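Read from first to last, the chains carry the letters A, B, C, D and E; within each, the first residue is number 1.
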Amino acid sequence: QVSDDVVKIGVLNDQSGTYADLAGPGSTLAAQMAVEDFGGTVLGKKIEVVFADHQNKPDVGSSIVNRWIDAEQVDVVVDVPTSSVALAVQEITNRKGKVHLNSTAATSDLTGKACSPTGVHWTYSTTALANGTGKAIVAQGGKNWFFLTADYAFGHALERDVSKVVKEAGGEVKGVVRHPFPNQDFSSFLLQAQASGAQVIGLANAGADTINSIKQAGEFGITQAGQKLAGLLVFLSDIHSLGLDTAQGLQLTTGFYWDMDDEARAWSKKFAARHNGAMPTMAQAGVYSAVAHYLKAIKEAGTDDGKKVVDKMKELPVKDFFARNASLRADGRMVHDMYLVEVKKPSESKGPWDYYKVLRTISGEEAYGPMSPACSLAKG
Amino acid sequence: MAEVLLKVSDLQAFYGESHILHGMNLEVGQGEVVTLLGRNGAGKTTTLRAIMGMVGQRSGSIAFEGTETIGLPSNKIARLGVALCPEERGIFASLNVEENLLLPPVVKPGGMPLEEIFDLFPNLKTRLKSQGTKLSGGEQQMLAIGRILRTGANLLLLDEPTEGLAPVIVQQIGAVIRKLKEKGLTILLVEQNFHFAATVSDRHYIVEHGRVIDMIPNAEVETQLDKLHTYLGV
Amino acid sequence: MIRILGLVVLVAAALAAPYFFYPIFLMKALCFALFACAFNLLLGYVGLLSFGHAAFLGTAAYITGHSMKVLGLPPELGILAGTAAAALVGLVFGWLAIRRQGIYFAMITLALSQMIFFYALQAPFTGGEDGIQAIPRGYLLGFIDLTSEIALYHFVLAIFVFGWLVIYRTIHSPFGQVLKAIRENEPRAISLGYRTDHYKLVAFVLSAALSGMAGSTKTLVFQLASLTDVHWHMSGEVVLMTLLGGMGTVFGPVVGAFLVVSIQNYLAQMGSWVTIIQGGIFVVCVLLFRRGIVGEFLALVRKLREKQARTG
Amino acid sequence: MASGEFVLETDDLSKEFKGFFAVRGVNLRVRKGDVHALIGPNGAGKTTVFNLLTKFLTPTSGRILYKGEDITRTSPADIARKGMVRSFQISAVFPHLSLLENVRIALQRELGTSFHFWKSDASLAALNDRAEVLLDAVGLTEFRSHMAGDLPYGRKRALEIATTLALDPEMLLLDEPTAGMTHEDIVRITELIGKVAQNRTVLMVEHNLSVVSNLSNIITVLQRGEILAEGSYDEVSKMPEVISAYLGTGNG
Amino acid sequence: MFELLGIPPQVLFGQLLLGLINGAFYATLSLGLALIFGLLNIINFAHGALYMMGAFVAWLLLNMLGIGYWPSLFLAPVLVGLFGILLEKTMLSRLYKLDHLYGLLLTFGLALMIEGLFRQMYGVSGLPYPIPDALKGGQNLGFMFLPNYRSWVVVASLLICFATWFLIERTKLGSYLRAATENPALVQAFGINVPRMITLTYGFGVALAGFAGVLAAPIYSVNPLMGSNLIIVVFAVVVIGGMGSIMGAILTGFGLGMVEGLTKVFYPEASNTVIFIIMAIVLVLKPAGLFGRAR
C-alpha cells in the first residue's frame, strides 16, 4: 500500500543561503544516492526525490511542505536545517501524518516539547554538542567559560545546554555576550571575552558567524594568548572555508567524519566524486543514512503510511557507515556515537579535506542523555 | 557688415510641449555688438540658450564660424568659442569667488589674463575667498561676465547683464562691453533696458512671440523711436 | 455590460479557483495581494514611498498569532486585534514620518520598522527566531471549521475582497479625490485650504491597518508568525510587487503579488537563480516597463482607443 | 490707523535667505475692495512677499495682519480657510485630474466629507453644476473632461483662476495671472479678474503693464526687497525712480 | 581608577578603537554612496554588492592569477570601477530625469543579480583570503592587542577619505563636480563634458566600494552576502550625515562606528539597531541630516 503509487522524498533545505554548503545541494545528492543504492524502487513502486529552497524562512518552508504534501504526493520531508523551519515542518508533518527526517537542524526541541510520532531527528542536537564539546573541554581543564552567543533561539539553546553541562562538570561561566545575528565584526565581542579572563570561549553560533569569530580570534591573537576556542557547532565545510591555518587546534563535536574508517571513506569518496570533490559534512551523510533506513522500513512494513513506517524504523536496528552503536529511540531521537575531534595543524594534514583527528568517541547515551520529559512519546 | 560669425536661420525651440521659438532668423558679424530686444517672455533668453545648445528640442540651423552646431551638445559648442553669461547669473554657491572665476576651462588661446579681469572689475579681487553667492547682485554680474572672459571665447552671449543693477554699475558694464568690442570680441546681448542697449550696440533685433519681427540699426534708433516704443509696449 | 460580465467571470473564477489550484498558494497570493494593494494606496495615490511596511504586516501577524494561540481568541477577533495593532503602529509611524518627503520619508519609515524588527527579535512573546508556531486556526464565528482548506480559502477571499473594496472605495471617494490632489500638487492643495498632513496621516493609518489585516490573515493561513514578516526584505518585496504590477492602478498590485508569489513558489528549486531572476525582472521593469504590467496594459488600451477614435 | 479699512497689512515684513534679504521691512497695506498690484523687476521679492503672506515661507521678522487678526504664525491651509487664497506663478493645477475634478477639489471642502473614505465619489456630483459655472466663466466648458495636464499653458492659468474662485475667497492673491498667455487669453482673463474683483479684494503680481493699468487702482513697486513707490498707475509710472528701476525707458 | 557603568576605561578605549575600525568601512562606503547621490541623484543600492565584488575580485586575482594583496588593492577597485562605468553607461544614464525611486529600484535589482550570480558560482560559506605578510601580527597596546592589519585599515581608509575630500573640495575637478551638482546644464555650457564626468564619478564611487571590499577581504571571509547586510547600515550613515555631503558621510561613518562600538559593550543585542534609532531621531529633528543642506 504505497500512497499515490510513488514514494516521494522531499529534500527541504537552504539551497542558496548561509547553510547551503553544509547541507544544500549536497543533501539532495545524498538522498539521491540512498535511493539509487536502494535500487530505485520499493514495494514495486518508484522512489522519487524532489527538493526545494526554504531560504531559512519558516513561512517559505511551511508553504512548500504544505504544497508538497497536499498537492505533490510527498511522503517524507528530509534534512531541514534552521530550527525555526524544522519546528514548523515538524508541526505540519505531525498533523498530516507524513514523515519528517531531520538531519541538519540543531534544536533538541524536535525530540522534546515538539516531538512527534512521525518525526525523526537523525544526526546531532544541541544536547549532543553540549555533552560532547562541553564535557570534554571541562575534563581537559577548561573550567572557566565565556560565551559568544548568536542572539536568536538556536544560539540561546546552545548556550543554555552547554552552560548546564559545564556547570555540572564543575566548570564556571564567567560571562556571555549576545551578538546580533548575522554579524560580521566580532572583534568587539572577542575583546570582551578576552577581558573576562575565561579559559574557554564558547562559540554558540553557526555558519558564517562561527567562521568569522574564529578568523578574527586568530587575528586578535586570542588563541596565541592562551585562551581556547570551542566551536559548538562547526561543520566540515566551515573548516574548509576557514583554512587549517586559522582553524588549527579547534575542538568540536561531530556526528560523522569522512575519514574515520574504511566504510565511511568508501561512501564519502563516492559522494565527493559527484560533488565537485567536496567531502560530505555530517549533515549530508546523515541524510543518506536516514533515507536509507526509512526505505528499509517501508519495505519491512509494507506500507508508506507515516506513523507505521516510523514505528518500523524504531523497531529495526540502525547500522551503516554513518550510524554506529545506534538505535532510534521512542521520542524519534536517533542515538549514535559522536566524536570529539580536533582540527589538524597544516603540517599534520596530508591533503585536501584531511582536517580532523578524532580525540574521543562519545557514546550515544552520553551524548544524547535521557529522553526529555517534555516529550509525550517519552513515557511509552 | 563684417564677416558673418553667427548665422541663425529658421530656429525652432520647444520646452517640453510648449513651442517657444517659431523660426528665429538673425546674423551677427565678427566684432559686432547686437541686441535682442523684446518684452518679457518673447523668447530672447530661449534664443541664447538654443544657440548655446542648452534647449533640448531645437531644429533649424545655427552656424558658428561656418560650423553647423544645431546637433552638438553644449560642451562641444562651448569649445568652439561660444560663452554664455546666463540670465540668473549662474554663480555657484558651493564655490568661492576664485573657484567660480576659474571654473570655465580655457577653450581658445587669447583669453583675457586674470590681471586684466581684475583691472576691469576691481571689486572681485578683494572678495576672492568669499562664497560666490554672498556677493551683491552687481558683483555677481561682474563675476559672471569675468569668468567667461578668461576662456578665450570670441562670441559672448550676455543675457540681461544690467538686470537689477544700480545705474552706476550699469554704466560700468556698458564701459566693459565697449572695451570688449574694441578687443574684437563679438557680443550678442539680450536687454530689456533699451536705453542701455543703445549705448553699446550696433544693431537691434526686435523679438516677439519667438521670432524676429524687425531690425533697427543703432544709427536709426532716434528716428524710429516711436516704432520701438510700440514694439516694446512702453 | 462587458464590465458586469467580466465581474461575474472574475467572481466565478475566484470562487472556483481552489478546486483547480493549490489553495494555500492561492491564499498566500491573496494575502500578499492585499498587502500590496494597501501599500499602493500610499505609493500610488499619495505618492509616499514607505520602506517600512513590513512593520505593519509583522506586528499584526504577531498580535494575531499571540492572541489566538495564547489568549485563545477566535479567528475573527484575532484578525481584528492584529489589524488594530497595525493601525496603532501606523499612527505612530505616520505621526513621525509624514512631514518628510521622498527619500527621507522612505528612510524614516525604514528606521522605525527596523526598531519593530529589533523588538520582535528580542521580545519573549514573539518567539524570536522560531516565531510563533502552530497557531490554531479555530472556528470562524464559532462554527465554521477553518482547518478545512476550502473553508479557509473562502474566508481569506472574503477578507481580500473586503480589503480591496475598502481601498477601491477610498480611492474613489471624496477623501481619495483630495489624496490625488495632494499627490499631484501638494502646495496647491494646501493653498485650497486642505491640511494635507492630516489627509496623509489618515491614508497612512489606513494603509497600515490594511497591511496589518493582510498580515493577520497570512498568520491564519500558515499558522505561523515569524521574523520574515518584519524584515526589511519584506518591505522591499512589497515595493517590487506593486511596481511590477503597476503602481497607482487598482489591479496592478494584485497581479504583481500573484506573479512574485508564483516566482517564489514555483522556482523554489532553483536556489540563487530565484534572486537572479527577481533582480533581472526589476531591472527590465525599470528600464522597459516603468508603468508595470497593468499600467502598460492600460496605456496600450488607451492608445488603441485613441487610434480608433481618430480613425473611426 | 483704522484697521477696518485695510484687509491685509504687513508690519516691517522681512525675509532673509542666509544673509540675503529677499524682502526687507515691507509695510504693505491693502485696502478692502481694491485691486492692488505689486510690480517690480525680476528678483525684487514679489513672489517672496506672496509666499510670506500665504505662509509658504516663514517671515524672518515682522507681522502680518488679516482683517486685523495676526496671522503671522497661522498655517497655510488655515489662511486659505480664512478666505485668503492664492494662485501660483508656475501654473498649479492637478495634472492627472479632469478640469471638472480640479474645480471640484476646491468646492468639495465645504461639503465636510473630505475625510470620508467610505463614501462614493459619486456624492461629489452635487458640485458639478457649480463647477461648470466656474469653468464657463473662464471659457473652459468644452474641455471639462480633459486632463488638466494636457491643457496649453494659458488655459491652465485660466483653470487655476477658476479653481481659486471656487473657494469664493474674500481676498485673492494672484501671482502673474497672465504670464505665458496669448493676447486673446489675456483679454479674457483681465475681464474675468475685473469682474470677480467687484466684490472682493485682489492683490496681484503682474508684469504686463497694460493689465496692471487696466485693473488696479493702486500699485506698489518693489525693488530689491523694499518698497520703492506706491500710488495709482499714473502716479507711479511718472516717478523717475520707478522708471529707472523698472519701466526702464526714459520719459521719451 | 574610575569605571563607567562597571566597565574599565581601557576596555572602553579598546572598544572605541575597534569602533573606529568599523567606522573606517562605513566611511569609505558611505563616501562613495554620498558622492554618487550628490552628482547622479541616484541612491546606489548596488553599493553593497559592488563592495562584495571588490573582495571577490581580489580573491580571484590571488587564486587565478597569483596576484597578491598590494597590487589587488589598486587593481580590484579599478576593475570594479570599470564594471560600474559599464552599468552607468548602459542603464543608469537613462534614469537621471526620473524620480529617485527608479534609480533605487534598478540598483536594487542589480544588487540581487550580482549577489545571486556570485552565490551561484562560489556558494555562501565564504572563501579565505590571507592577511598580507607585511601586516601579520600586531601591537600589544597594554589594554588590548591591536592587529597590524586593522591599524592599516584605519590608516588606508583615512587616507582615501581625505584624498577624496581633497579632490572634491579643493581641486579644479572637485569644483566641476560641485558646480555640476548645482547646475549641470551651465557647467556643460562652459565646455565640460558633464555626462562623461558623471560616468567617471559613478565609476569612482563604485571603485571606493571595491576598495573597501579589498580592505575587508582579509578580515571577514570573502562571501557573496557580505555586502547585503551592510548596505542598509551604510545607507543610514549617508542619510544621517546628510545626503550628498562628503564630509558628512566621512564624519558620520567614523562617528557611528564608534557609537556602535560602545553599544556592543553596553547593550550588544542592539548594536545592529542603534544606527536606525539614531537615524530616526536625526530625521525627526534635522530633516536634512547632520551635515546636509536642504536641497
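Convention: a contact is a pair of C-beta atoms (placed from the backbone, for glycine too) under 8 Å apart; a residue touches a chain by one contact, two chains touch by 3 or more.
Chain by chain, the UniProt names read as follows: B = ABC-type branched-chain amino acid transport system, ATPase component; C = Inner-membrane translocator; D = Branched-chain amino acid transport system ATP-binding protein; E = Putative branched-chain amino acid ABC transporter, permease component.
Just so we're clear, the structure is a prediction, and the values are computed from it rather than from any experiment.
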| item | value |
| --- | --- |
| From chain E, the most remote chain by mean C-alpha position | D |
| Per Cα centroids, the chain farthest from chain C | B |
| Comparison of C-E and A-C by number of C-beta pairs in contact, larger one | C-E |
| Chain A and chain E, separation of their C-alpha mean positions in angstrom | 37 |
| Averaged-CA centre spacing for the pair chain E and chain B, given as whole angstrom | 44 |
| Between chain A and chain B, centroid-to-centroid distance (C-alpha), Å | 78 |
| Chain C: positions in contact with at least two other chains | 121, 271-272, 274-275 |
| Where chain A touches two or more other chains at once, by residue number | 16, 20, 151 |
| Set of chain B residues in contact with two or more other chains | none |
| Footprint of chain C on chain A - complex, ascending | 15-16, 20, 24-25, 50-54, 57-60, 62-64, 66-67, 70-71, 83-84, 87-88, 91, 151-154, 156, 181 |
| Chain B - residues contacting chain E, complex | 52-54, 73-75, 77-79, 83-84, 86, 90, 92-95, 99, 102-105, 107, 148, 151 |
| Of all residues in chain C, those that touch chain E in their complex | 49, 96, 99-100, 102-104, 107-108, 110-112, 114-115, 117-118, 121-122, 232, 236, 239-240, 243, 271-276, 278-283, 285-287, 290 |
| Chain E - residues contacting chain C, complex | 43, 91, 94-95, 98, 100-102, 105-106, 108-117, 119-120, 232, 235-236, 239, 243, 269-270, 272-273, 276-277, 279-280, 283-284, 287-288 |
| Sites on chain C touched by chain D in the complex | 166, 169-170, 172-178, 180-181, 184-185, 187-196, 198-199, 202, 206 |
